[in-house]
Amino acid sequence: MSKFVEDRQIVVPGEVLAEGEYRLGENVYRNGNRILSTMVGLTRIDGDKLSVIALHGFYMPMNDDIVIGIIDDVGLTHWMVDINAPYPGILRASETFGRGFDPTRHDLLDELKIGDVVIAKVLSFDRTQDPVLTLKENGLGKIKDGVVVSLTPSKIPRLIGKKGSMLNIIQQKTGCQIIVGQNGRVLARCGVKTMEDLAIKIIKVIEREAHTSGLTNRVSRLLESEIEQREAGKR
Amino acid sequence: MSKRILIDENGMRTDNRKVDELRPIKIEVGTLANANGSVYFEQGKCRILAAVYGPHEAHPRHLALPDRAILRCRYHMAPFSVTERKNPAPSRREIELSKVIREALEPLVMCELFPRTMIDVFIEILQADGGTRCAGLTAASLALADAGIPLRGLVSACAAGKVDGQIVLDLNDTEDKEGEADVPVAFIPQLNVFSLLQMDGLMTVDEYRGALSLALQGCRKLYDMQIEALKKKYLEIKVEENNQ
Amino acid sequence: MSTTPHGSIISKISQDDIKKLANEGERVDGRAFDEYRKIKITTGFVEKAEGSALVELGSTRVLAGVKVETGFPFPDTPDEGVLSVTAELLPLASETFEPGPPNENAIALARFVDRGIRESKSIDMKQFCLERGKRVYMIMIDVCVLDHGGDLIDASALAALAALSTTKYPIYNMVDGQAVKTEELKPLLLREYPIATTLAILDDKLLLDPSIQEEQATGTFISFVFLEDERICAVQKNGLATITESMLFEAIRISGEKSKELRRLLFPRGDVGGQG
């Protein structure tokens, strides 16, 4: 067994990471005796397990993910939901609102229209079928107010922060409720338009600088100065 | 009508290159805002944009395959890319090259990971000066990497040819039109295989082997540049981190 | 736009059979790996064409016709005739061929056959000028695939070559700026007889002249066009798979040998076996 790379080293698709009986983590594949990266990213070596953390990615649904979706098509018994993934989400009438649904008496469009935004949970997904969504749990359902912004999905963990620290700072200082979808969409619900704009601005800053250190402190200071400016402007 | 001299007595070509020299290359990864992956690529006077969208739902749905993603590839030349304006409608050449380029990219993409979806690859030739299918292919494989689509490796493509009786690397437009043979080649260095092979002109088998060998040298040099271009983005990030 | 084609519905069992046989050094129809199927060429099939040939290669049937007319030269070759090759994958030839304008497969086929003839300089296009910059002969080759039994490239290239080698075209004279057709016929002279050979790539095996079943099992081919003096004038890999350097050189070796045999068999005196 031989390793050709260190931990946290930048690699590109096809780059040989090692030879031999290593365990395969994410974004690597085996060709004969060699293990190669499938993406541009940073290596992660965990004992005998090799992975690559991708620099860019797109959202692939996973069971139990909370996602923010946009209704984009309607059938007889289900809606199709754009969840910013290669596959559309399927939201069956039976998975919304818990009420009895009768296709001869009820029209799906009465409940959710094209363009409506929902917070949903991924019930099940395997690549042979489109992901099945539900609205039936607490906190899920149609979004009636607030602003939705999109981010690169791989930046989401940074937005949340360690144990939710980053998210808490933003929510505390702006007074906004921020709901983060695993699919790279974020809802900011503030009640005050200026605070909503500020929340969006901060979220964009975090996306741009997600890779840097000291971000949490910078965001905190930036929020404070922006709020001061707005208060000053009001007087 | 006297034939133009394409390689002078000092072994210098019309653009002051030696017979085994690549044209100057410039690569910018992630240049477009909308596309999931994109690359701006210059090779000599060629100016090429490659962009990737996907994986996304297949449109129209009946084109989708149940067990893998499909690739959709378009090689297209802008009307002003060549000396005499080219009609924007796809020509027979563009249709053939779209097919040949798609076939060269297919072995690279781990399509089985995204059944029923579609991955779009668009190659737009903004200015052409010989060797656009190879440059387009090299750029497209970088755009796929930039889009975060899992790949088995990268494709590096380069042409060699026969000009004034000699085997030369990376033909420019004049050499392509007035030379004796053109050998475009695409190679996947990590898997040690060819994914595009074409030739037209007149050559002995030995000359053809010589051209293949020279083209491979060009491919390997391009591969190094592709790696550098992809890593450059990350290195910029690392530098910023160190400066914080 | 080129889109990944749907594979032919060949049963996995068939595909595995072909691979298993290949591993044992055999093919479904009992041929050797470097053996062509039975070839029959009938020239003069279409009297109204200036030249024509029907090629039967195994169960593949391809008909090529040559029409010679007059027209404008290309601006960068004002004193040369115009050569064009088109191909049609006729819907009656296969369940998989749809009616409509030529798709990428038909275009790729036509362009490869074209390169074989054009790059070999088989026809001296300079002898076809009527009035420099204004009027030249147009030699138009149309290849029609009538039945797809595999290896359309070799069959089409043979059909085009055989049709050309038996072409007799009417002489035109320029009279008051117009091209006027005379009753006089002249045989088209070929300086070269380029022969195309195609090998299917099945894992690490090379199969010459793939039958339709073998094509469905692999989908990847490499084709070469050789001249009599052993120079090559065209190479093309088709299909989704890849090829190693060593397999490529092996393919060149086999193609070189086989194209010689084919030329000797089909064009012994520089024309199609006695059809003059």
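Residue numbering begins at 1 within each chain, and the chains themselves are lettered A, B and C in the order written.
Keep in mind that, in the parts below, a contact is a pair of C-beta atoms (placed from the backbone, for glycine too) under 8 Å apart; a residue touches a chain by one contact, two chains touch by 3 or more.
Everything numeric here is computed off the predicted structure, so don't read it as measured data.
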Specify the chain most distant from chain A by Cα centroid.
C
Just by CA atoms, which chain is the most central one?
B
Using mean CA coordinates as chain centres, what's the chain A-chain C distance in Å?
54
Taking each chain's centre as its mean C-alpha position, how far apart are chain B and chain C in Å?
28
State, to the nearest whole Å, the distance from the C-alpha centre of chain A to the C-alpha centre of chain B.
34
Multi-partner residues in chain B (2 or more other chains touched) are 188, 191
Touching residues on chain B, where the partner in the complex is chain A:
36-37, 54-57, 66, 69, 110, 113-117, 145-148, 150-154, 188-191, 226-227, 230-231, 233-235, 237-238, 240-241, 244
Which residues, counting only chain A, touch chain B once they are in their complex?
10, 12-16, 27, 29, 31, 36, 38-40, 42, 54-58, 86-88, 127-128, 211-214
Chain B contact footprint on chain C (complex, rising order):
1-4, 6, 102, 104-105, 107-108, 110-111, 115, 119-121, 222, 227, 230-245, 248-249, 252, 256
In their complex, what parts of chain B are in touch with chain C?
63, 65, 70-74, 92-93, 95-96, 98-103, 106-107, 111, 183, 188, 191-205, 208-209, 212
